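The two complexes that follow have subunit A in common; it is paired with subunit B in the first and with subunit C in the second.
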Partner chain A sequence: MIITTTLYDQLSAQYAERETATAEPWLSRLRANAFASFTANGFPTTKNEEWRFTNVTPYLKEAYQLQPAAPANGGSAIDLSALDAYEVVINNGIPVELPVAKGLSIHSLKEAANSPIVQQYLGQSINLSQQGFAALNTALFTDGLLIEVDKNASIDKPLLITHHYNAAWPFFAQPRLLLIAQRSSKLSVIERYVVDGQAALFVNGVTECVVAENAQLDHYHIQATPTNFHLVNFTQVSQKADSLYNNHTYTLPGASLVRNNLHLDLQASNTESHLFGLYLAGGSQLVDNHTLVNHANPHCYSNELYKGVLADSARAVFNGKIMVQLDAQKTNAFQQNNNMLLSDKAVVDSKPQLEIFADDVKCSHGSTLGSFDENALFYLKARGIGEDSARNMLVKAFAFDVTQQMPIAAVRDCVEALITQKMESLYDRV
Partner chain B sequence: MENNKSNDILDDYIDKEYEFGFVTDIEMEVAPKGLNEDTIHFISAKKEEPQWLRDWRMKAYHSFLKQPEPTWQNFELPKVDFQAISYYAAPKSGAKYKSLDEVDPALLETFEKLGIPLSEQKLLSGVAVDAVFDSVSVATTFKETLKEHGVIFCSISEAVKEHPELVQKYLGSVVPYSDNLYAALNAAAFSDGSFVYIPKGVRCPMELSTYFRINTQNTGQFERTLIIADEGSYVSYLEGCTAPKRDENQLHAAVVELIALDHAEIKYSTVQNWYPGDKDGKGGIYNFVTKRGVCKGAHAKISWTQVETGSAITWKYPSVILQGDHSSGEFYSVAVTRNKQVADTGTKMFHIGKNTRSRIISKGISAGEGQNTYRGLVQVGSKAENARNFTQCDSLLIGDRCGAHTFPYIESKNNTAMIEHEATTSKIGEDQLFYLNQRGIETEKAVALIVNGYAREVLNQLPMEFAVEAQKLLSISLEGSVG
Partner chain C sequence: MLSIKNLQAGIDGKQILKGINLEVNAGEVHAIMGPNGSGKSSLASVLAGRETYEVTGGEVIFDGKNLLDLSVEDRAREGLFLAFQYPIEIPGVSNINFLRTALNEIRAYRQEPPMDAKEFLRMTKEKQQLVEFDAKLVNRSLNEGFSGGEKKRNEIFQLAMLEPKLAILDETDSGLDIDALRIVSNGVNKLRSDKNAFVVITHYQRLLEYIVPDFVHVLYNGRIVKSGTKELALELEERGYDWIKEPAYSNS
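So, the complex of A and B:
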């Protein structure tokens, strides 16, 4: 059954309107295909196994508009002033400041839509029929970024992408990123969100990354936004031979709905991938992390560590899928998910999943769920450390396994400061 | 060279014949094929059932008609033609025998061939056996001894007649007729099964055992087992199964319900060796079974142990509902799949009461083109203070065309709960094999040794008699399976 909301009708109308506008034939074919995939199932319901614990329907009922209000201009909750980086600002989904850097070319996706590289990669790696939101984005995105790192270029400074939104009225945004790290290149990308205004904001974002032979891409995603923010994000990564991809996803208290889909497709052998995630949730937040690592070729290594701390009546979902295909011998794939529940109303649904079709592999997964270690608490208290500080220390130590994985000190410090700050506000409510 | 040799051994092993594939030539009374209201009336009439049971069957049948086929499983569900199955088959010469002397010799011979010598049972280890041949229970041994202790162990049709109050109270209380498609089918068409009642404070003096045999062509077996352990009692129950070799698939859709009251303990062990089909995946049993126990009272305990080596498709999740405070549930499983066998199995632990504990140990072994899936659910309710779960599910892969999959669901609504889950997948380590080879143990024996060690945690849970059988089964299954 397709849930029809006014939003659904609006989107259909927008598509119909777009249909008559002229576009590149390949692009309109792609969009038509994507829109058909979306309309086949509509927005996902909890009947869909991938959305079993995450009901998006209530969040879609706002009277969203597809047109943004005036460009936003507000401060950021995420203080990265210590970071020396190239900066791009995407205002209400439209890039406004494009930096120039050696070896790095950054374009508005709208303007670059005709370039062969966009045609080559855009929407090619996503299984649209199973990803309703990504299909919707593909059919209707208006703008975004095309980022290309030249062959053999090692970019001296990280690239900071700030998604800036003005929620003066309920707004449904669909930004799109295409990131291509050419052969033997190296880049760090940091994405963060800034929101002005109090109205509901729904961001349905899609990022496609192509990490070519021997290239390295470090990808950070820092999500610390107010409660009126709803995010459904889809990141699709295609890794070529000998490449390295590191993902760091941090979700901090705020946004009432966060759903991160992170799909890695290991398209050639000898790749390495690390996925690190930390979610700290409070209030009535729902944080859902879905990851998929598809080992399709031999000699690949993947490692995944997701940790969560839940307070109040927050809800977390973790679904980590590792597929090891028939040809993917000598695969090493590891996955771990640890959760800490600080309140008796918090809920965790964890589903670590392995599907293995090759025999010469080493795969493992682990999942734990618990609260504070009473012995550790007692140890600290016996040494004169107050209850709150002791708890804070333990949460920080719990998160440390993840935060220490960030090589850029400025980002690490920023995230750690955010954790401390958010934890304190969580305790105030206890 | 080494590879070639191991491939040869692997082929031998894959070609290994199914030991229990013979057919007993015995006159049978078989109901006409097909499932409709008349079939159910026919079965009910045959069993001289009371009205409430007939009504219940009919409700189940209507629920069966309404349910769609499940789509979530991790294998391609074969189309089962429910109208091509005969729902009742019984040896002609009378339903129940008073003494073993009256039993058709051909039948006794069958069970003897299977290693279940009913007549000699007395001299042996003291296991009371209920033998179920196609649709009916043919013999139950040791009835008198059990009676002295107040233990009721009989076929379920007998129990319906003799202890209707117990059956009516508990039948369908753990697995309702509407639970799933196959449970509904079973409730509508079950022909026989075992019934056990252990009175208050009694420790059942011997192991109870049921042996299931599918013999007749085009039949399905739909037995129903109901075990009730009253306050403070203990019972250990064993179940074994075989079927002849046939080219077509046969359906086995059983339901097992366990009820443990305050301080009671039920230990349920299965060694499942239904005909697995030939090496091309032709024939074999579809083993679609619903097994569930409820720890109704405080400090109750239910433990499932299973060794699954047979069946073309094994699809079952023996579960425990931990309702009473301080109750505990255990699940130990070894599942071996080879050739084209499929196993989608695991468990569900529902923590409802306070201080409930559960432990899950699952060991999957996949060889040839076998696919092994562990699917499990650990659910902690908001009132289950201090619930504790430990889950370990390991997979061993032998050969490069097999698969191992894990789908664990962990859902917690309580912050005092402690839940741990871990899983590993690997093949037999070359270093381990080398170590054993180097000490003069040939590869095949080394593999058996390693696998036995790997499965030991589970095999240790089996009662003695079954542990021996299971170990034998496992080593047969693993002959030549060198990775």
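So, the complex of A and C:
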């Protein structure tokens, strides 16, 4: 079959086909609502305030197919061989290797679709009417992972999730993760990507995390991908009382388009959340980070630090929204976004948004834009350090406040090596 | 070792160095004195290669090489060292990593293998004791949160580690109390040898009681207007700079 229809038509056809298939009534209803939400507005355009600086239309014009080519087996992964972890591989969106670990249960989401826990949580926390891409994923995802950490279980090793894709032809993928850390449990999750093939790859991913009472979830998302990769990712986190969620999002030079949405819903009091992000971009890359921290309850603490380094004609968007609801007294919410531009053509749109309705709160935000400190460069060079090494030292130093926040040394070392390796090609063009 | 001939340089079309001549041989210590704004720091910056300065004339030969043709880093690798008047704070770059990188890049330039970790550690310890540099500061971020005196002492520590042929100390004494001044000077004196040379830029004669120069030059309005031995420094201390300015005016 030669597909000549647009992506939108293909998605509609896929949905119509899906409707006739049997599914649990609750899931059919969820998908129907989600699809209606998607079709109401279609793919977002720059008229949508949340997408003002990020025009996805050109990236959706490839002749994407919804069916993947053969299972991926090539492409190179970032080197995490020093990491001792439980590993799960998701190939073209379908889990192929599920590890067994005490206190941790991992299932194919497709196979677990009828379980009560999936019914309880899937798609419940995302405002689908506002989130076209997430709605589309909800309507049409075929598989993904259900990860559950048992009550009181502290998992001894991190869980490494490798998303492996075959881009032999243009492929539009919609993976879905549901991650539930039950009461007083503890887990670290690391996500990474491997891309096989040169054709365009568009990943519209959704991850929902539930961090139950007194649980801790450390979530690393390392986006080191080639230029044919396009990612729109939506991560929704629901935090219960006394829980701790730490997010580390790294976008390295490569992917043409990355849009990360990270929404934290603080659903009970006394929670703690840290959002650390680093984006490095060159060429004509577009990296957009949209975060929302919704303080709906008193005595919650959130801290956000995003830093970016941009070369060439790269563009970055940082939009960080902090909502402090009327009831959220004694909120502590901090946000900082710092950017370093290595070229005149690079652009950053940094937009902090604070909406505060409670009166007894501590909140702050700040945004800075700079370039290489010429005095610092001169100082390093005057000690015999070459231009490239000096620039690399300064970029690493700039990123240090973010990278030092990663408690797992193997991941930190890997990311630092990636920074050196991926930025090197960009300095040459400065 | 260093031969400066009729060096002229400026910023944005404004001439600052108006024809400097200076010969420095191995084993010598030269002091450059002069009132504020005479061009002392500019001379140091031009020699180190700071890009804000435009060299408009003259030449500088350093150990047989045309210094002005070399990049900033290659000047350092050839053995030129500038102790900064205002050392830069670089948070996130550790002092020790910075030194290891610098040392190994200098070695690579000379086609020597990188120093092994053990030897580097031994050397760090030895030099840090030699110049009385606090071991705790060695592992901190480069100059971050250091006091003025600690920063200057770090410059001397770096000098000890990198073992340059020619060190230019740009107002290393400014802002130092008498104890710090003594420590810094002791460090320099221990590093002096018949293989290296020092150019000590200072506004005050005080430093020269500790680091005794072989020659003293007075820089005024972008030119060396008088040269002599250490007695000249004492005379300047007593009489000030006014008596020396006149010839410069009449020549310009």
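Just so we're on the same page, the second predicted complex is superposed on the first by the 422 of 430 C-alpha atoms of A that agree within 3 Å, B and C clash if a C-alpha of one lies under 4 Å from a C-alpha of the other, contacts with A are read in each partner's own complex, and residues count from 1 in each chain.
Keep in mind that, in the parts below, a contact is a pair of C-beta atoms (placed from the backbone, for glycine too) under 8 Å apart; a residue touches a chain by one contact, two chains touch by 3 or more.
Predicted model only: the values in this text are computed from it and were never measured.
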item	value
Combined model on subunit A where subunit B meets subunit C, clash or fit	fit
Which superposed partner A:Val348 touches (first subunit B, second subunit C, both, neither)	first
First (subunit B), second (subunit C), both or neither touched by A:Ile356	first
Contacts of A:Ser364 with subunit B and subunit C, given as first, second, both or neither	first
First, second, both or neither for A:Gln329, with subunit B first and subunit C second	first
Touched partner set for A:Leu394, first subunit B, second subunit C, both or neither	second
Subunit B versus subunit C, judged by how many residues of subunit A each one touches	B
Nearest Cα pair across subunit B and subunit C, whole Å	16
Residues of subunit C defined as touching subunit A within the complex	48-51, 71-73, 75-77, 81-82, 84, 87-88, 90-93, 97-98, 101-103, 105-106, 109, 141, 158, 162
Of subunit A, residues touching subunit B in the complex	49, 326, 329, 339, 341-371
Contacting residues of subunit A [partner subunit C, same complex]	373-376, 378-387, 389-390, 393-394, 396-401
Touch list for subunit B against partner subunit A, complex	72, 74, 382, 395, 397-427, 483
